[in-house]
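Think of it as A, B, C, D and E in the order they're written, each chain with its own count starting at 1.
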Amino acid sequence: ADTPTFAVYALNSEPLTNWDPAIEFSNGIHVHNNMYEQLLRYDSIEEKIIPMLAESYTVSEDGLTWTFNLRAGVKFQNGDDFTAEDVKFSVERTMQLAAGASYIWSAVESINVVDPLTVEFKLAYKNPLDLVAATGYAAFIYSSKCVNEDNTWIDETPGCGTGPYMLRSAKWGDEVILQKFDGYWGGWQENSIDIVVFKKVSETATRRQMIETGEAAITVELPYTDVEVLKNNPEVVVSVNPSLQNLIGMFNTQKAPLDNVKLRQALAYAFPYQAVIDTVIGGYGQQSYGMVPAGLWGWSDQLPRYEYDLEKAKALLEEAGAGSDLSLVLTYTAGNEAEKSTAELYKSELAKLGVNLDIRGMPWDSQWEMALGDPSQRQDILMMYWWPDLPSPYSFLYSTFHSEDEPLFNLAYYKNPEFDQLIDGGNEMTSSDIEAAKQMFIDAQKMLLDDAASIFMYDRQDIWVTYKTIQGFKFNPAYPTVVFFHELTVQN
Amino acid sequence: MTKFILRRVLLGIIVLLGVAFITFFVARVVPSNPAAKWAGPRANPEQIAKATIELGLDKPLVVQFGKYLMDLFRGNLGNSLRTRRPITQELLESLPATVELVLLSTIAAVFIGIPLGVISAKRKDKLIDHLSRLFSIGAVSLPTFWIGLILQLVFFRILDIFPMGGQLSTEIKILMDIPKVTGFLIFDCLITGNFTILWDALWHIVLPGITIALYPIGLVARMTRSAMLEILNEDYITAARSYGLKERTVLWSYALKNSIGPTSTVVALSIGYTLVNTFLTESIFTWPGIGSYISSAVIGNDYPAIMGVTIFSAFSYVLLNLAADIIIALDPRVRT
Amino acid sequence: MTDQKKQSYFEIKDLSVGFRTFEGIKPVLNIEGLTINRGETYGLVGESGAGKTVLALTILGLLPKPAGMILNGSILFDGVDLLKQTDKQMAEIYRGKRLAMIFQDPMSTLNPVFTVGQQIQRVITRQEGLKGKICLKRSLELLDLVKLPDTSNLIDKYPHELSGGQRQRIIIAIALSCGAEFLIADEPTRNLDVTIQAGILKLIDELQRDFKMSVLFIGNNVSLVNIFCKNAGILYRGKLVEEGLSNCVVQNPLHPYTQTLISAIPRSKSEKLKFSKTVIKPEAENGCPYYSRCTIGKEDCFAHVPMLREFPTGSPTESLNTETISVQKAACFYAGETI
Amino acid sequence: MNQPLVKVEALKKYFPVRSNRLFETKKQWVKAVDGIDLMIQSGETIGLVGESGCGKTTLVNVLLRLEDSTEGSIFFDGLDITRVSQKMLRDKVRKNIQIVFQDPFWSLNPRMLVRNVIGEPLSVHQKLSGLTLSEKVENLLDMVGLPKDSLYKYPHEFSGGQRQRIAIARALALEPKLVVLDEPTSSIDILSQAQILDLLQQLKEKLGLTYILISHDLSVVHYLSDRIIVMYLGKIVEQGPAEAIFSEPVHPYTQALFNAIPSLSMRNLSELRTIEGNVPSAINPPTGCRFHTRCPRAMPVCSEIEPKAVFVDQDHQAACHLLKP
Amino acid sequence: MTQSTSFLRAVQPAVRELKVTFFLLNRNLLQRISMVIILLLILIAIFAPVIAPYPGHAISDTNPKDKLLPPSSQYFFGTDELGRDLFSRILFGTRISLRTALLAVGLALLIGAPLGAIAGGLGGIADEIIMRLTDIFLSFPPLLLAIAISSFLGPSLENAILAIAISWWPWYTRIIRGQAVSIRERQFVRAARAIGTPLPKIIFSHILPNTLAPVIVQASMDIGGVILTIASLSFLGLGAQPPIPEWGLLISSSRTYFLNAWWYSTFPGIAIFITVMVFNLIGDGIREVLDPRTRKF
């Protein structure tokens, strides 16, 4: 074509925060997944592994040795051949830097290059390494040429990945522009997109206007009120997809007054689940069954749910012997409208029970600092979104509710050895007997619900809006908000 | 005169030291755990311990402050906690876009605000004075963040005259070679004679420009008016009239020169305000400047970045005030 | 030259000026009549706040804008009523060209942010259309004229770098730069030392003779006016209470106020001050403005305002024999009675 | 003669001036008062005259220790007040020396009631308050001839002359020994001036006060003073009994000063004498006799040697080379 | 003379001054309108619970079934995303804005005024130190300092007030010091020194009271600016916290919806605009009226 085709992806915050694919553990997921590739990819809707740089893999009987057979004929964007050495180099370096999401590799003991197209991982303990190798962060394979002597990443170096797009230009904190890598092993379809622009557009209204005028090809995180309007707009296509994100309100189970399970249960009954889903996310989601979100294995509609029931809540409150002057602090992440509205709705329900909810919007880090700081100063309820590092229930249950001496993300400060045992066991079983593992995770969640460790508010759906000319868009919840531009075409 | 300037510069340095101390305090001492932030989200204790050493947070505060000062002296504002990149570099990248906006609004403030103030003072309590007062006070009373939204709604969505945001149209940005000489887009287009891009850039700067410029225009007009009102009552103005000088001369040369002192102070002041107002508007107009930068920093609790911007603004502010003081010092009355 | 033409050179008739205040319009000047002939000097004496400066500004049409108001009357200058001129006409035709004024306070009359040279040259350029070198030359001449030393240096100085006396001379130089025919000198020496005062008076006197100017000289020192002016008027609270040849007024004051003023001045340097006791009485709202301090005032002074009346007097001294009979006026029912 | 009330020896007051050149090493000084010797007896009135800026105000400011002197000593009642502590100053000196300023409007705090204005020294030194204070202030008001109901008025409700009376009442509240009058009548009209001078004279007789009077108006000085001191550029050029100086001034500067005063007996301008030239700068005063640059009778010696004060008469001295001791 | 008449006499000049000021302000149409509006705002602030049709909506009630309804006779200004009546919320917002502005300005004055009087009254080292301190604070653009301070104090309305006071006091110190320096040279201060009045007493009873007029003018003008700053902080999420109906916070929340619900951002914006504007107009007016040189009767 004479003029290249291009597509703008309007993001709600900066496109990336670090060029180094070993370190980036934030918005860069959008950009990096188009520039770099993992050994495998996981399709969480179909629940199956897709071969990428590895065409196939085998696991030893004891589950401790994983062998990957690499794809032949893959070239880095800089022209170098892709070999097993690169895999060893990338994973070892990522582990060594110990930054970002590198902990996903923590089971790995050693990496051996068997031949240029075969690489073998030895594990210290049983771990689903296929899922690890398919993670959206820190599992990228990159060229050693992009690292300088002191092992730091050479910023904005083009050609370090094997992915379909390579860097064209970037403006920090604002936009990243990628262009098509002609020598991509996966080849190119007709009308594919030549240039991709990742652009930060923090105002939702601006994003909506961009997509309406076709200035943006694709965007996410629009308020549902806009979605309703856009659904009737022939210029755009709205697609609603399951996401693996859920909103939870963690109770401080260690501090009075919420160390009382009855009180926690009362509060869980007082949460207006349906009103929140209807009002805050416009019905694009559903009340959670436990911690594992719909769309991920380990989810079960057989789990009990707390339903909104003020009478029950009142009774439980009385049972718990809570005074009339009960006042609780809830923190949420400032700037997130959905969390804010949810908190406000909750506050008005609790007010009906005579409970004062003091809601504070804080930047995530301040909120987190408060949760990790002086125990007497911690919030009573901490509201947050959770999403998977690995597409496994373990990722949802381990970080958030596994006993910790020094809390990190177990911000309910939940301590239950039985629970720990169950989920650790489930994780070990994952690669051998997934059904058994599933059951163990479900049982574990039952414990959380009985203990009312948290309010499981809703599992959210993701709403994507694409401009009408964009075809082939497919969403994979294991890679939240990632658009694989290689799959897209432009039709006029 | 030179001594006066020297003294002012010295005071400026003292002030900057104080500024540095405050920013250091805010950035290093107050947040409970910068290391955790540095180590990244979901980091484990070992990673955090490593970060503590990397950041030198294990050293005594005095040593940290000393190092901070040395770094400042070298123009090193530290690294962003989010991106781990040098803040100085990030600032320099987003600076030109903001400077363009601020400069434009300052020019507007001088060339619209001052004449407005002078006319208003001359025609005190006449209709034109009421209108101009209403305008200038209105301009300083508008919440910048709000008027940005409204302008966008009216001029883009309803009337579709001006683009919604950004510095350039995406097509132009991707398909054309953007001149990069000084980093200031409009200026670069001018010197390379690239008029297609220039036109596009000018078209894009109108709405954010108006949003940002309203405040300084109003401020300068208001200040000029009141300075002029006082000066027009001075004996030497009456005397100048008694010599039969033209009213035009009396107003625009005699009186105006006397009001340069307060006016230049207020212009310097308004540049500071404008800079901060960009924080509130740039995100609305997806303007890739410091404002966008600091709003990401505030959302991300990136203390070093916030403090970097703060110290940078304070530095420019001190310099601007110095410039204003020197202009005032040209007034022979304060020469000592 | 007929009597009438002579009179119409400069004449104030029934002028009344007021200021707006919170309580309403406060009259500050109320002059029934005042005449100055061509080439003559008229001295106006009055204490602080009597309205001397207001009169000067009224003549030039420069009353402070929002507050000052002309309530009534006319000021005829060369047959034209100045009060009927527009601001533009005043600026184009009269101010600077025909009427000039030396302001009271040399500290505040010069613009502090321009050099002396710039200020003079701007006026010269405006009034005489001179530019560049010629303009500079002319301004140096003017500074020489007022006997300023080292003029080529001085011209680049800012007002605050000069002494009070020097500043006052510069103001005089500017006022004279266009050879106006009517000069108002508003207490040009008020803030100056006696020694500098004498120098400046001599200067104005010389210039007046050279340029044949009429001068309205404002002062608060009777002896100065006596030395300097042919005619003198005494202003009390905005009203002329006595008027006549200055010698006559000084030698033979008719109004009690004038008498008090003059008695307070020693006749020679070794003579000690004499003071007459003053009394404090209630203000006469509808009567004589001086009533409250007057020692001879009676009931009729309290009830009625005395008008200026003429009192013919003989020439007080032999040396002044050009006009043997002159007219002295006073606004007092008991004029001539000594206090 | 017994011990003088005030004795001033070799008093100097220099003000530093900032220079406007870069890296100026030499600091410059305005020599406002430059070596003054003076004696004031209890009960007399000293008239201080001289050109504008010759240092009169500075001299009395130093005398009151409103400014610190640069050099020299001031004895008040035998106590060297240039060196006493602030407390001593308050207890011994402040009470006994008071000042009445030129401009009665600016010297009264516009936001204080007359009662508090006049009462301030009493409340500071005698710790009076409430009714006793009001009573005392009423007495003072009475003494300066103001009605009692002035107590609860603000200064701006009074005329210039009345304000000056308030200022005088305040100065007299502590029954000081010495009162400094710095141009006490120059800003009020002639009629009020007479009353104020009269009042001052009466009070002096009644309370046995000592005055230092500064005025530009020589007739005022003549009216009140017993002795006159003439200053030129920070130095005393002539001093002596008022009558003697007014009738027979001996220093050329004094003569010139008196000749420039217009008086009713003058007929025309030529009778007014002027002093040629401008006042020299107080930063670099002329060498020798300071007046020599403008003196009509200057001799070569005048520019080299500084004349010493010589007695022309008992009690009448002047510093000029024309005079032979 | 009785105590009460003497008191009346004592306050008389102040009363007269007030009367004159009011009279002059009242003559200008713009200012007259502003005064009426300010009075109205104050009344609204006081009686918000009575006037507001849905006072609960301004506190903690939600009403999700009526979310984002356009203005109607039921909801004059429409509703927000949780179905709350915007009219009621904006009425209550008046309360918050006026109270926080007064508090912030008052606090700033409390810090700034004594420091200014001390600096100006004492001179010398104290002056130098205090003024350098203010210089340091003044070298941050005010909103920026407030942003920085409240971002580490943690977001809340109280902290925002504190942050504004901290970034605002130097202005008062500076003004008062300027005044104090000129007053220090005035004769009546010299007179007080000559009497032997101790320095602290001179500063607090002679200097400070005489500096207040310009400060009050400045403070009244600052009210508008402070309201704007509070709104900006809330807009950035650093000020008031939901569900407090602070105007800036309302606009901030409305951003998400403004393409569909124009009323949501428009009305709070107009409320801020009008309030800030009338305070600015009055402040300007007072300044003009108190300056004898620009006074016009």
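Quick notes on this structure:
Criterion: contacts are C-beta pairs under 8 Å (C-beta built on N, C-alpha and C of every residue); 3 or more make two chains touch, one makes a residue touch a chain.
No experiment lies behind these values; they were computed from the predicted model shown.
Between the chain pairs A-E and C-D, more C-beta pairs are in contact across C-D. Using the average of C-alpha coordinates as each chain's centre, C ends up farthest from chain A.
For the pair chain D and chain E, the distance between C-alpha centroids works out to 49 Å. Look at where the CA atoms of chain A average out and do the same for chain D: the two points lie 88 Å apart. Our note on geometry: chain A versus chain B, Cα centroid distance of 38 Å, whole angstroms. One finds 50 Å separating the Cα centroids of chain C and chain E.
Residue positions of chain D touching 2 or more other chains: none. In chain C, the residues that reach two or more other chains under the touch definition are 66. Counting partner chains per residue, chain A shows two or more touched chains at residues 203, 205, 209, 334-335, 363, 366. Residues 28-30, 132-133, 135-136, 139-145, 147-149, 151-152, 224, 228, 231-232, 235-238, 248, 251-252, 255, 258-259, 262, 265-266, 268-269, 272-273, 276-277, 280-281, 284, 287-288, 291, 293-294, 296 of chain E touch chain B in their complex. The touching residues of chain C, when paired with chain D in their complex, are 47-48, 149, 163-166, 192-199, 201-202, 205, 221-224, 226-228, 250, 260-262, 264-270, 272-273, 275-276, 278, 293, 319.
Residues of chain D that touch chain C in their complex: 51-52, 187, 189-191, 193-195, 197-198, 216, 218-220, 222-223, 243, 246-247, 256-258, 260-269, 271-275, 278-279. Across the interface of their complex, chain B is touched by residues 57, 60, 62, 64, 66, 87-88, 91-92, 94-97, 99-101, 103, 105, 108-114, 122-123, 126-127, 158-161, 171, 174-175, 177-178 of chain C. Across the complex, chain E is touched by residues 203-205, 208-209, 223, 225-226, 229, 275, 278-279, 334-335, 337, 340-341, 343-345, 347-348, 351, 359-363, 366 of chain A.
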